[in-house]
Amino acid sequence: MVPSGGKKVKRGILQRLDAGEVVIGDGGFVFALEKRGYVKAGPWTPEAAVEHPEAGASIVGVNCHFDPTISLKTVKLMKEGLEAARLKAHLMAQPLAYHTPDCGKQGFIDLPEFPFGLEPRVATRWDIQKYAREAYNLGVRYIGGCCGFEPYHIRAIAEELAPQRGFLPDASEKHGSWGSGLNMHTKPWVRARARKEYWESLSLASGRPYCPSMSRPDAWGVTKGTAELMQQKEATTDQQLKELFQKQKFKSS
Amino acid sequence: MVPSGGKKVKRGILQRLDAGEVVIGDGGFVFALEKRGYVKAGPWTPEAAVEHPEAGASIVGVNCHFDPTISLKTVKLMKEGLEAARLKAHLMAQPLAYHTPDCGKQGFIDLPEFPFGLEPRVATRWDIQKYAREAYNLGVRYIGGCCGFEPYHIRAIAEELAPQRGFLPDASEKHGSWGSGLNMHTKPWVRARARKEYWESLSLASGRPYCPSMSRPDAWGVTKGTAELMQQKEATTDQQLKELFQKQKFKSS
Amino acid sequence: MVPSGGKKVKRGILQRLDAGEVVIGDGGFVFALEKRGYVKAGPWTPEAAVEHPEAGASIVGVNCHFDPTISLKTVKLMKEGLEAARLKAHLMAQPLAYHTPDCGKQGFIDLPEFPFGLEPRVATRWDIQKYAREAYNLGVRYIGGCCGFEPYHIRAIAEELAPQRGFLPDASEKHGSWGSGLNMHTKPWVRARARKEYWESLSLASGRPYCPSMSRPDAWGVTKGTAELMQQKEATTDQQLKELFQKQKFKSS
Amino acid sequence: MVPSGGKKVKRGILQRLDAGEVVIGDGGFVFALEKRGYVKAGPWTPEAAVEHPEAGASIVGVNCHFDPTISLKTVKLMKEGLEAARLKAHLMAQPLAYHTPDCGKQGFIDLPEFPFGLEPRVATRWDIQKYAREAYNLGVRYIGGCCGFEPYHIRAIAEELAPQRGFLPDASEKHGSWGSGLNMHTKPWVRARARKEYWESLSLASGRPYCPSMSRPDAWGVTKGTAELMQQKEATTDQQLKELFQKQKFKSS
C-alpha cells in the first residue's frame, strides 16, 4: 500500500527512501485473504531472505516469522553490523501482527497454534503504534507488516507516524485516533476510555483462563535441506503420521 | 448471509425455520467494518432486545454482549422457560466472537478491553465449530454471530453443520476442513496438524505472558435510565473526567 | 493458637466471643505438617460440618474446602439467613490459604492440583490481611484459616487486626509490617517496596507461562453416600483404574 | 543436612564427593525461617560467589538468585568451560525453589514480587524431583536448594535420587512417593492421582486469573559498587522515595 497525500508522480522505493520518506509496507495479505475465503492455507509462499550487508543491498531488514519486538531487536543487530562494517543501507521491518515471545529460532511456524489458532496472539492497533514508533526511533524507514496484519494495523502505523510523514492516512476519516470516537458513548466509564493513556497502559486479558500464555514450539532442530523437510507431492500417509507421533513421543519423554 | 445450495425462491425466516432448516445469521459486521476503515466506533447501534416468551414471539434468543458459552447457557434457560410455560418458539443465538468469561451482567462493554483491545479474546474457527454443534444440540436453529464475527467464523458454523444442512458453503472451496490444507506443508510437524483431533484439543497460548487471563469489568451497578447514563451531546469535559476518576478511585479503595 | 497480650485466666471460646474479642483460629496444620514430613497425606480427617442456624448453634461459619473470597461470600449468606430468621450467632471463617476461583461445589479436593500441586495457589500474607479485614467488616469475630495456612498467614491476620484487638502478636517482633524490613536493603528499588501501597496493589506473576490460570475440576456430580464413594480398605486395583479412566474419557468426550 | 543410611564416621564434603556420593544440600533456611517468625527480612546475608575454574576450586557451581532451569543451564556452561580448560571439579547446584523465567541478569531480587509475593512461583515437589534428575544427569553431585526450599523439597531430591544413593531418606516414612498415599482416598478420582504419570504431566493452574504469568524486573542496569547501591544506615526518606518514583516513571515512559 502506497499512501499518498495528493497527486504525485509514482517514484520507486529507493527514490522515496533516499528522499527521506517513511514508507509503509503491508505483507499481511495472505492471512487476511485466507480468513475471508480467497486463498487456501498450506502451500505457503517462501518468505524473502535477509541479504547480507557486504552483498551491497540497498535495503536491509526482516520480514515475517517473528513479532514486532523480536524483529526490531534483529534489525538493531543488523544496524550495528552495518555500522561496524561502515556500510550504509535503508532499514526495513515487516514483522508479524502476532505476539511470539515463545517461538524458537525457526519462528511462528513451529508454534503449535500455527496457522489456525493464532487469534489470542493478534496485536492490537496500540501494539502496532508502539512498534511503529520504536521502528522509527531505531532509524527504520520502511515500516510495514506481514502475516496477521489487517488494514487497521497498517492504518495504526500511518497514524502513529503522521507527525513525521506530515499527513494522516485517508482511512483516519473513519477513525478517531486513540479511541476518541468513544467520546460520545452513553456510559461514562466507556467515554473515559477515549484517551491515549488508557489504551497505552492497558494490560489486555485473554479471556481464556484455561489456557497458558506461552507454548513450547515443535522444534525438531532441523531446517531447510534436511531429508525430513523435502516437500512430498502426496498428502501425509497414515504410516508417516505414525512415525511422526513416535518421534514426538520420543522427544517429550 | 443466507447460504444457498442452488436456485431457490427466497423464503421468509419463519418459513425456513418452520420447514426445519438451519439458518445461519451474521451480525458481526460493525466490528469488521470498523477495522477495515468503513465505520467509526462510538455511537453504537442499540442491540435487539430479547422478547419475553409470553409475548408470543416466534423466535426467542440472544444477540451480542456475551460469548458463545454464556449465550448458550442463557438460551438453555429460555428453552426451559418456554417448556415450563408450554409455549413453542424457534430458538436463536448470535453471540460475540470474543471470550468473555469475566464480564458481569452488563456484558462486554464494561470489560476494560472494549472495544479496541479485544484481540486476545477473539474466538478461533474451532471455538465456533464447537459453539455451532452445541447450539444445534440444544435445539437452536437460527445460529449466527454478532460483534467480532468475521467471514471465516460464519463459514465455520456452516462447515460444522454441513451434515445437518446437507451442503457445504461455497467458501469451503477455499478451505480444507479441520486444517486439511496443511497436508502438503514441507515441515512434517506442521503436516501433522492437518487433523480434527489436533485443533479440537489444542490449548491456545496468548503470547502475552505479562497480561492476565481475566479482567474486572467497570461495573458501576447502574443501567439504562440512570441520570449518569443519559447521553450528552458534547464530548466529555475535563471536569467530568475528573469526577469519573474520583468515582473509580472510590470504587476500588 | 490463642494469642494473648499478657497473663490471663484461660477462658472458653464463647466467653471470649461474647466479650467482643476477635479470636484467631488455625486449622492449617495438616498441610504444613505433611510438607515437613510429620504426617502422611491420604486418609484426611473429615472436615467439620456447617451447623444450621435453626439448630441453635452459638457459632456459625465455614471451614476448609474454599478460598477466602468464596468462604466470606458464604458467611455473608449465612449472616443474611440468620438475620432473616431473627437469630443471633457468632460468625466464624476458616478458609483455605489457596486461591480456588475455579473449584465447583465440592471444593478444592476436586481440583486436579489437589493435594500435591497447589503451590501456585498459595495466598500471600497480603491476601490474608485483605481477607482478615473483610471478615472483620462483615462481622466475623472468629477469624482463622484451614489447609495451606502457615504461621506467617496467621500472623498476618493478627497484624491486620491489631488496631481492633489492641495488641500485635509476639511474632511481629521478627517482622516489619507491610515489608518495612526492606527499608535498609542495598538496592534502592527494593527499598521502595517497604510500603503498604506497594504490596497491596501488586499483581503477582506466577512464573509459569506454560500453565493456565484456572483448572476444570474433576466433578463427577456425585457426593457422599454414593456407592462410588464408599471407602475401600485396599489400594485401588489396576482394574479399578482402568474403569476410572474409561469414565473420565466418557466424561470429556 | 547430611543424610545417612546407618552409623558412619562423619567425613568432609570433598571426601564424600570424591567417593562418588551424591550430596544433598539445603540453603533454603532463611525464607522458611522468616515465614515461621524466626528472622527478619531486609539485611540479607550476601550469597556465596562462584569460583572461577582456573582458581583451582574443588567444587564449582551456583547458589541462589535463579530457578532450577536457569541454574542448571549455568552449571552446564561451567561444565563446558571446565572441559575446555581440561580441569576437573565437582559440580554443585543450589537454585531457588521459585520459578523465575522472567528475571534478568540480576536474579529474583529485581522481580517485583521479591521477597513477600513469591508464593505463586513456589516449586512443587515434582518440579524438584525433575530438577534433581536433570542435575544428576548433568553430572552434578552436590545437589541442593536455596531460598524457598522447604523440607519437603529436600526430601523430593532424596527420593528422586534414592536409586542412585541406595537409600530413601528417613522422611519418606511419612510420605508415599509420587502421591501413593492417595491410594486410599474416598473419592475414586482422587485415588486416580496416586500415580507418577499424573503428577509428572500435570500443568498447574495458578488460581489467579487476574494476574499475569511473568513480570518485568526492576532492572536499573546498575550493579554492586555504583553510588546508587551503597547501603545507607537510615531508612529511605520521603525525598529519596520521590526521586525513585521519578526515575521509575522516566524508565517506563
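As written, the chains take the letters A, B, C and D, and residue 1 is the first residue of each chain.
Convention: a residue touches a chain if its C-beta (ideal position, glycine included) is under 8 Å from a C-beta of that chain, and two chains touch if they have at least 3 such contacts.
Model, not experiment: these values are computed from the prediction.
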{"item": "Copies subunit B and subunit A - interface residue numbers shared by over half, same or different", "value": "same"}
{"item": "Identified repeat of the C-D interface (over half of residue pairs identical), from B-D, A-C or A-B", "value": "A-B"}
{"item": "Centre-of-Cα separation between subunit C and subunit A, whole angstrom", "value": "46"}
{"item": "Approximate Å spacing (C-alpha centroids) for the pair subunit A, subunit B", "value": "27"}
{"item": "Rounded Å distance between subunit A and subunit D, as computed from the means of their C-alpha atoms", "value": "38"}
{"item": "For subunit A, residues contacting two or more additional chains", "value": "102, 203, 209-215"}
{"item": "Residue numbers on subunit A that touch subunit B, as the complex places them", "value": "34-44, 67, 98-102, 109-117, 119-126, 150-152, 155, 171, 174-176, 179, 181-194, 199, 202-215, 218, 220, 228-233, 235-236, 240-241, 244-245, 248"}
{"item": "Of subunit B, residues touching subunit C in the complex", "value": "203, 209, 212-214"}
{"item": "Partner subunit B, residues of subunit D touching it in the complex", "value": "102, 208-216"}
